[in-house]
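One chain, chain A, appears in both complexes that follow, with chain B as partner in the first and chain C in the second.
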Partner chain A sequence: MMSGLRAPFLLLIVPLVFFTAFFLAPLATVVVASLSASGNESGLTLDHYVRVLADRYHWDVILVTFRIGLYTTLACLLLGYPLAWYLVRIVKWRTWRRICVIMLVVPLFTSNIVRSFGWMVLLGRNGLVNDGLMGLGLVDRPVRFLGTELGILIGMVYVLLPFVVLAVGNALARVDSSLEQASSDLGARPAATFMHVTLPLTLPGIVSGAIMVFTLAVSAYVTPALLSGGRITVLSMLIFQQYSSVFDFHYGGALSVVLLVFTLIMVALAARIGTVKGSAT
Partner chain B sequence: MIARLLIRIVAWALLAYLVLPLVVILGASLTTTPFLAFPPEGITLDWYRKMMADPGYVSSFVTSTLLAGSATILAVIMTVPAALALARFSFPGKAAVSSILMSPLVLPHIVLGAALLQFGAYFGLTRSFLALLVGHTVIIAPFVLRSAFALLTPEQRALEEASSDLGARPWTTFFLVVLPQIRAGIVTGSIFAFISSFINVELSIFNTTAELNTIPVKLFNYVQYTIDPTIAAVSGATILAAVVAIVILDLTIGLDMLSDRE
Partner chain C sequence: MSALLTLDSVCQRFGASTALDAISLSVEQGEFIALLGPSGCGKTTLLRTIAGFLTPTSGRILIEDKDVSAWAPYRRPLNTVFQNYALFPHLSVLGNVMYGPRRAGVARRDAQAQSHEALALVGLTDFAARFPRELSGGQQQRVALARAIVNRPKLLLLDEPLSALDLKLRKRVQLELKHLQQKLGIAFLFVTHDQEEAMTMADRIVVMHGGRIEQVGTGTEIYRRPASRFVAEFIGDANILPWSCDDQARVTLDGTELAMPGHIEVPPVARGIAVLRPEDIHVSPTRPHATDDASSSPTSADAAPDTNETTIMGSPSPRRDPSTIGSSMSTPPAAGCMALTAVVTDLVSIGSHTVVHAQAGEHKLLARLPGLPDASLASGQTVTLSWRAACMHLIGDAA
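Our next item is the complex of A and B:
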């Protein structure tokens, strides 16, 4: 490493000034607004936070937001792991894997709005999903998906699944196969090898994928807004309302800070679990 | 093996789940009915023609492309030097600098969008192309930074040192030694950055107006009120653009990021 401060200073000055002006300063404005008295009074106050946290309704919204985030993350991990395994370990034909990766990445390159719109069409009362379920005789009447947490969950898992598959797939591809070989040579069954060797080795990929999915899920706006049909409210929708139609920047600021703090706590917890588990095995 | 078969079935089901909504939109955009139908009844390109004839959609496409393009260029100009500073020098506060530059990745975009609107209001930087541009640059910069940084490996340092030992000036070393080694990273990062900007709703929605609108925000505003095959056609156009971008990406740098060991 070279030292001396002149060169790094010159290299970093422009990005740092830009990020201070258009990233840190705006966020600081939100925090300040959330702490300052509304109207013409001046001074610091925690009133807006009290207003957010003393109200049952907000706790319900926070609960729904984080429940959707948690279920989305779990579903993405449970579904994404086998898919990653399939792509890395089972597919032998390169062209097919390439096509699979393209299928995986195309949704990532399309707007949330387009993808959620697809689900609005599919999950409607007369949509393909209900037609299929009724055709198979699984249900007698159309199931309500739009406006339920299940509907939002289906859309969210869809939007976020590729992130987990890519994160886990990268970790899987880097696992040293001689370790698995050693485990089975020593008499471990495939399931035991998976639990004690492969799974722990891919844990960093799992944790980074989970953190990515969770943070994106709790802060998602477009997918829940379109699939909730106005019946379910998540935190980001409340925040948007405050800034776009109510124009209460103090209260909106407090809501934003609450979302940020809760998200950071969950991310820190997940990272901790990842390191503890990873070092224990 | 049963486990293997089970994984295969799950994987195929998931791949179908991943393409289904996109297929539905593309299919529904071809319908001859005046309402959305899937499978489509009849096949026509009328809805695409209608989209091309609508100046609102065309100008939104132009705005989105210009915005994503300029934000990507700005992000590259700023983050390549930053990546160099983070990879090649030690200085106090380095960890803080890199987490500040990377944090837009995990920060809720809706919060940042609201923050930029409120902050910009103090000096009139709202609801303009410039207001959109600064926000988009912030959220996409981490993509370029990350992929450029990843290629500035310690092994490459030797080449840079050799170059300067042989008397090359810093600029010459940068253009002849450093840049070629990280070019692939800059290209990949830029493509992800461009796309993230092009599909963003959460940040743009605060600073768009009826005249200055990006394509995803315009779609979002429409879909909440009406759904008709024109919307499907506009969505279909963005899907086709994504497919083209990915195929180009795959053919030029290769997307086979999940290849097994060898």
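Our next item is the complex of A and C:
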């Protein structure tokens, strides 16, 4: 009698405790710190938020952060969708498909720092990319990648591409092939079938992949920090500064909450697109 | 006028296995054809080949004399109703039906009008705004049909569209579909494994087996004159008895000479099988002392079917020779009738009719009697099975 209730209770308590201890508690700490007065004064205050939002510099950083996040997401989708298509639709040989998926996922097992340093080497003035571009005669002098948004973008896309490929690939694999045949049967050319059937049906996969990439991109620290060369600042770098060198937990907390709120707004918008169109699936 | 669809020895091979073996068939304008066969006989493969989802390994597919064998599905002037309906889940019912006209470049307003018309034809006027997942199986089937006929194709391919419906609904839809087909004048090519469904709807039935066409004919033709043992056994129930023909052209059925009525066709081979349908067999109890009573006339119990038979045949009532016990054939003196003594093994009543399972020596026979079983019939009883020889259909052994 008791065991019937105890088993699910025990199963629930573990994740519940984990979630509270490692997610809710730190978040609450950050939120409380962002709202409490600094120094010796006590009480709640919105001063830190005013300080964040009243400063144009912060808006610039927010803009850069979300621009990089958006471009990263778009680039990941544009590269990831065809790649997912290739893996799911074109590769017939299972072993090769497995090898491709492994190649795609293995970088995720390596440290972000190592991968970003790798890109620093590749994208440097005398790096492989510039050598290649000059060798092909596409550019006359080395392109400056490091310390530009483009450099950060390249590094981010490399890190985050697998998320889109896996999400879209999963959605593509689940599209009933008879629907595409029905489309063709009803007179739709391949391009029309893609636009009117395949794309709408994979939209939930696109949206979930995009949300993952976007949230990871706007909150990324290591890649932008290493590839920016100190010339570009994103919000996570600002937050890191406040926590690690300035030790202003109130101000840092307010910055974190701002990032969180902006990200949630973007995710909510994206999820809306996903459910409005994807509700039919 | 040339045929609408012509298949010219179409072959479909997947690796070493042959799914379609030299299929030749022609479909006329406005015809209702059923492709009938057990699962794996190649009927769906044939349909998919005609639709263009598969390219034939060899052979040609002609639509109104144009060779479309290499055409992509979207170029072919035909539409398909898929087995699982394949409705677009992200589009409303109206959106689904409009899909074809829109891809054909019809303006939105006109496409809407056409789609509403098609939905009205299948009785779904009020469902235009719903989504497929909100519909029952029967309604989804209608949407699939509307989505196909809105394009006014010359040929509609239907891949077991009724198999997901329950029996009652299926029977109703079969007739509705038949009426709709006659009204629209579109040729239907209907794949089914259900012989009753094929019989109900089709003008002609194409019986397929092992990637080949076994027989093409009307329902009556394939039922009364099956071309092969497979067809005989696949279409309804069949009693199969061996026959052979000696050099004097005398046909013997299971060792007994067959009195040949004029209109029974004998294939020009030495042996084969005779097909006898269960409803053609009359069952009459053999009296316990019949063995001694060699010249007994039919008892009153079996007088009724015999009288009946007399009227149909216009020939004298058959007299039985009950002296033969067990399985041996007895040639009835009356021309054109045959009888066999057998033991009833099972008696199954299905209300509308009664199925008698009888064992006559090595042969198991089935007889179907209308209505409930006669009180005089019982399991284990020795009975006389009789039938008009003309009811038999002889098939020659290919070997």
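Basically, the second predicted complex is superposed on the first by the 264 of 281 C-alpha atoms of A that agree within 3 Å, B and C clash if a C-alpha of one lies under 4 Å from a C-alpha of the other, contacts with A are read in each partner's own complex, and residues count from 1 in each chain.
The rule is simple: contacts are C-beta pairs under 8 Å (C-beta built on N, C-alpha and C of every residue); 3 or more make two chains touch, one makes a residue touch a chain.
These figures come from a predicted structure and were not determined experimentally.
> Just chain B (first), just chain C (second), both, or neither: which does A:7 touch?
The first partner, chain B, only.
> Kindly classify A:136 by the partners it touches after superposition: chain B alone (first), chain C alone (second), both, or neither?
neither
> Should A:183 be classified as contacting the first partner (chain B), the second (chain C), both, or neither?
second
> Is A:44 in contact with chain B, with chain C, with both, or with neither (first, second, both, neither)?
Neither partner.
> Contact-wise, after the overlay, does A:54 reach chain B, chain C, both or neither (first, second, both, neither)?
neither
> State whether chain B or chain C is in contact with more residues of chain A in the superposed arrangement.
B
> Which positions of chain A sit in both the chain B and the chain C interface?
No residue sits in both footprints.
> Quick one: which bits of chain B touch chain A in the complex? Just the residue numbers, please.
Listed in rising order, the residues are 3-4, 6-8, 10-11, 14-15, 17-22, 24-25, 28, 36, 38, 77-79, 81-82, 84-85, 88-91, 97, 100-101, 103-104, 106-112, 114-120, 134-135, 137-138, 141, 195, 198-202, 205-206, 215-216, 219-220, 223-224, 227, 231-232, 235, 238-239, 242-243, 245-247, 250, 255-261.
> Tell me, which parts of chain A touch chain C in their complex?
The contact residues of chain A facing chain C are 176, 178-179, 181-189, 192, 196-197, 200-201, 277-278, 280-281.
> Could you pull out which chain A residues touch chain B in their complex?
These residues of chain A touch chain B: 1-5, 7-12, 14-16, 18-19, 21-27, 29-30, 33, 79, 82-90, 94, 97-98, 100-115, 117-122, 128, 158, 161-162, 166, 169-170, 172-174, 177, 190, 211-212, 215, 218-219, 221-222, 225-226, 236, 239-240, 242-244, 249, 252-253, 256, 259-260, 263, 267.
> Can you name the residues of chain C that touch chain A in the complex?
Contact set of chain C toward chain A: 51-53, 72-74, 79-80, 82, 84, 86-91, 99-100, 103-104, 131, 133, 147-148, 151.
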